[in-house]
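Listed below are the structures to be examined.
You will see two complexes here that share chain A, one where it goes with chain B and one where it goes with chain C.
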Partner chain A sequence: MTFWLLLTVNSITFGSLLFLLAAGFSLIFGLMRIPNLTHGSLFMLGAYFGATFVGGMLGMMFNFWVAAVMAALLVAAFGAVIERLLLRRLPGQQMAQVLVTLGISFIVADFCLMVWGGDPVAVATPDTLVGSVRLGPMIFPIYRIAVIGIAVVVAIALWLLLDRTRLGAMIRAGVDDPDMARVVGIRVSRLFTIVFALGAGIAAFAGVIGGPILTVYPGLDQYMLPLALVVVILGGSGSLLGSVVGSLIIGVLYNFGQALLPELAYFVLFLPMVLVLLLRPQGLFGRFIP
Partner chain B sequence: MKTRIIALLLALVALVTVPYWMPGAYYINVTSQILFYAIFALGLNILAGYGGLVSLGHAGLLGISAYAAAYLLHAGFGHPVAIIIALIAGLISMAVYAVLSLRTTGIGFIMITLALGEIIWGLAYRWISITNGDNGINVHSRPMPFGFSLASPTAFYYATLVVFLVCIVIVTIFVRSPLGAALMGTRDQPRRMNALGYHVWAIRFWACMLSGLLTAIAGVLFVYYNQFISPQAVDLTASAEALLMVISGGAGTLLGPIVGAALVVIVKSVVSGFIERWNMLLGAIFVVIVIFMPEGLVPGTARLWRLAWRQFGTSRDDDAAAPSKAGAEQ
Partner chain C sequence: MSRKLTRRTFMTATAAGAAAATFKFPTPAIAQAAPFKLGLLTVKTGPLAQGGIQMEQGVLTWLKLHGNKMAGRKVEFISADTGGKPAGTKTKAQELIERDKVDVILGPLAAFELLAISDYIREHKTPTLSLAGADDITQRKPNPYFLRPSATSSQAMHVMGHYTAKEMGKKKAICIDYDFAFGYEQQGGFQAAFEKDGGCVANKLWVPLGTPDYTPYLAQMTGIDVLCQGFAGSGPLAFMKQYANIGLKFPVVTGETGGDDALLHAFGDEALGMMSTCPYTLDLDTDANKKFAQAMFKNFKVVPGFYAAGLYINCDVVEAALKASGGTTHDKEKFMAALKAVKLKDTPRGPISFDHLGNVVGNFYVRRIEKAKNPYGLKLWNKTVKTYENVSQFWTWPEKEFLAHPVYSRNYPPLKKC
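Moving on to the complex of A and B:
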């Protein structure tokens, strides 16, 4: 019983991290139709930045949350630069987009290896969230529960942004029909920059939040990217609800798969995605077929 | 046309004499690598370049053939059996791949092939009873076709070269065949092709199968060259590199994937000996290619060459044409 419950909590925690990663990916994919293969790298870059700020490698120690926000802002700026300078030139050219995003992910991975070396870097758990909480016979690490809370907060914030603000309405219009959105006077190209920076920022934030659980190591980017991809395909691109449901499903499948069927864990993970693509190509909550 | 044939002959002579002018066995091995990666890239190019179907999971297919050959050799089967079954296994998995992924095109195709590739990677990594997990499978011998030992770098190079030339001929014939033309039609105008009565799905499926055959051949060469296979050979980075070979060289051209394969292999194995940050260099090269030659190195160079030629040509033509123009105006 304890085993199952702990597994469930871990699943939801991992799902929460995946949601933070995939939400931005989904928005970028949904609005810009760009397979952003740098997304794993942005996650890793954020995690390394966070580890640096928290660990005091710059000569001063930052508070965990300040570090997370700083990392998110830095990576968001980096994302905006990528979008402005490179992706902007390549509308609709999928192969060029794949080439350039993969190229950047190579550069980022090597940059991280150069700066932080090959050894895993741990991100210290924030002081207030160290330890565990006792609920009846069960003991849960507080931090893992806190991650779930953070994801819920981010999800609500994103929902408010997308559903209740003018910017959100413009983004939704852009996702549904970019050409028509342009015709009615929405500057879709500026939306692209905003959305790409936003997605990059959330990914980096997720990297810092995930740091204490995953630790940061070279190869984290290639580990996270396919997971984000599966979530988006499963849930449907451009849909926030899809990201939430998709990341929970993948979180559960991944953790239960690892625990119960370790030999076929990845098979279990990718199988539902293949099924969804076959039966419902737009994903569970998607608005269009990619 | 004449210059083309001369260039082709020169390239052929250069390839055949590689063991005589390359400085050392190491560089002969690098050339062998370029050749079998070029076969792999040519196979992927049929889909990505001529079919417009960008597959980001092709290393998984290469891995299936390579693993099949390695597993059978390890289990004590002979080389002919291992090679034939490896090719068949590659084709069968390509058929499954195609049936699943051809339901979509565009980004959907990229995503689903990526997922399929990751499934194969996951199996290679975790299904330890078959694949020996992260430790991989060693292959202790190379085949001896017609009694020639392929143990030395030179002998293996010539065997790879023969296979490579055969593959090039196959691809050339395919591209110039009606099926090849139909495939390019489905890339550019799928709906129009459908309306004209072509079975778009079937054309794409057979293109997949040819691509799968070349990939399987490359997989067998890969496992014999390295005499080792591990999950690293089938991971996302490997698939991405294959795609980068195709796109950087020039998708939808015959020469492009070969140039791309040479570029990637040389940066990975030769330049990495001199520059520690070769991965960064490779990434930077790709970004630069996208900015300055978005169509790829081979078509891009051809374009620049033509441009330079025309500039040179017109400046001469202008001198010659000026009097006659003046005459016409009068």
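Moving on to the complex of A and C:
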């Protein structure tokens, strides 16, 4: 009983974390048609920044939430720079863009190794969320439940942004038909910078939020990237609902797959991706076929 | 460090050759004039980077303390990053042997890396000293060009299994480890020794390397009185944190990587009380160890753990063999014999010698993580509670009997009903 309950709750927690990771990826993929292979690195970079701010830097210790926002802003700025200086110069050249983002991910990995070394870095859990709660027969850490709440808040904020604001309408127009959007006077190229920065910022935020659970270590980027990829392919790129559903499905498959069929854990995780690509290439809720 | 043939080295070499031709120098003099080439295969990227970087720091510390000389010969040190992948290890080993023509290879780090190059180093007769596990390379399929001054994957776990059953009085365990050779061999060793002394392993769980969330495995920990983990690098940190968060309180025991001294600064209170067995311990109160640990701390602002100490001791062993062989490695068989004959009284891990298969016989330390005063200002400290002297890779089994069993694997020893 405890076993099933624990796995179920953890599936939702892990799904929430995956949502935070994948939401930005989905936006970037949806609007710019770039499978952004730096996404795992931006997640890791955010986590390292967060760990540094929380752990104390230049004699100043930052509150966990302040640190998360600062890390998100820093990495968002980095994302804007990548878009402006590199991706902008390769419009429509998907292969070149994939290679550039892959290259940047290696550079970021080496940068992190240089700055933070190979030692794993723990991010302290925010004081108010330390400890565990009893849920029926099991004990579950409060922080992991809080992650679900954070993901819900971010999902609602993104939904409001995309659905209720002018910027959101322009982004949706850009996702659906970039050429037509240009014709009606939307500056799609500026939108690209905004979306790339936003996606990078959310990834970094996710990194800080994930920090207390996962700890940060070299290689975290390469572990998280395929998870983001599988969520977005499953849910459909450019779709917020797709990211939510995709991450929950992957959260469940990840947890139950590893616990029940450890030998086949990756098979269970990536089989739905293969099926979706074959049968419904735009993903469950996708707006276009990549 | 220059690997290229510069004009100057070319001139020197030519001059030396001409001189040798003219004056007929005794050959060892020429051998000693050339630098001794020491290659290192390590991992500086990915989840194993923590240990890999310590390996390099261990070698650099040794070289610095010895004026960059080994048995009187200048050392040319070439470090290569394998990326922690068998294919990368093979490529880098080829570069070191065929391009750089190294005299000795130190490393690689991981058991699966060593397995990938074992045949290759044997073909090229390159003496290799590593801390990688891969038990069979000094057991059922011995490689005559391989020497392991650290420990087999199972060597420390034999001790841990015995201690857990006899001294801690535990009866029923679950083992959790990585899904590769090092994990299988560690937990096989734990299970064999633990069950020999009356314990029983209820289940062994295998986790992919780099797993970020251990909760799906933790959900299965019930009905036991002790847990044995064998993670390495960043693994122990995330694992112990998640273990404590979920309210589990069984005592945790581990091997040399899971309780590595180099991780002490990153562990939090969740690691208090964890028991580990290691062939090296930072709290060993000898001059050799203090000299090494203080130099590490001074050079790199970190305390050494198992990986740094392992490579530092590798250097001690190479130097001792080089002295014994008159400073030359040209006769590979003779040099290997000299390596295996090395007996050192005073390394940072205490006295060591080798068995006829090239594996270390030495001390193993059972430690507990405590809050204790220490010279490095760490919050947590591994305190040695028991020392086992002269432990061989066969533990207390006779060699013949031990080697008659298959190597520890995913399914060996098989699980019994507990």
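To be clear about the criterion, the second predicted complex is superposed on the first by the 287 of 290 C-alpha atoms of A that agree within 3 Å, B and C clash if a C-alpha of one lies under 4 Å from a C-alpha of the other, contacts with A are read in each partner's own complex, and residues count from 1 in each chain.
In this section, contacts are C-beta pairs under 8 Å (C-beta built on N, C-alpha and C of every residue); 3 or more make two chains touch, one makes a residue touch a chain.
Keep in mind that what you see is a predicted model, and the values were worked out from it rather than measured.
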Could you tell me if A:222 is touching chain B, chain C, both of them or neither one (first, second, both, neither)? both
Contacts for A:264 in the overlay, against chain B (first) and chain C (second): which applies, first, second, both or neither? first
Identify the partner contact of A:114: answer first if only chain B is touched, second if only chain C is, both if each is, neither if none is. first
With both complexes overlaid on chain A, does A:7 touch chain B (first), chain C (second), both or neither? second
Have a look at where A:233 lands relative to chain B and chain C in the superposition and call it first, second, both or neither. first
Who does A:73 touch here: chain B (first), chain C (second), both, or neither? neither
Jot down the residues of chain A that show up as touching in both complexes, chain B in one and chain C in the other. 109-110, 113, 222, 262, 265-266
In the complex, go through chain B and note every residue touching chain A. 48, 54, 56, 100, 103-104, 106-108, 110-112, 114-116, 118-119, 121-123, 125-129, 235-237, 240, 243-244, 247-248, 251, 277, 279-280, 282-287, 289-291, 294
Given the complex with chain A, which residues does chain C contribute to the contact? 44-47, 49-54, 179, 205-208, 210-213, 215-220, 222, 233-234, 237-238, 241-242, 245-247, 262-263, 265-266, 268, 302
In the complex with chain B, residue positions of chain A that touch it: 29, 33, 35, 37, 86, 89-90, 93-96, 98-100, 102-107, 109-111, 113-114, 222, 225-226, 229-230, 233, 262-267, 269-271, 273-274, 277-278, 281, 289-290
Interfacial residue positions of chain A with respect to chain C in the complex: 2-3, 6-7, 10, 14, 109-110, 113, 117-122, 132, 138-141, 143-144, 210, 212-215, 217-220, 222-224, 254-259, 262, 265-266
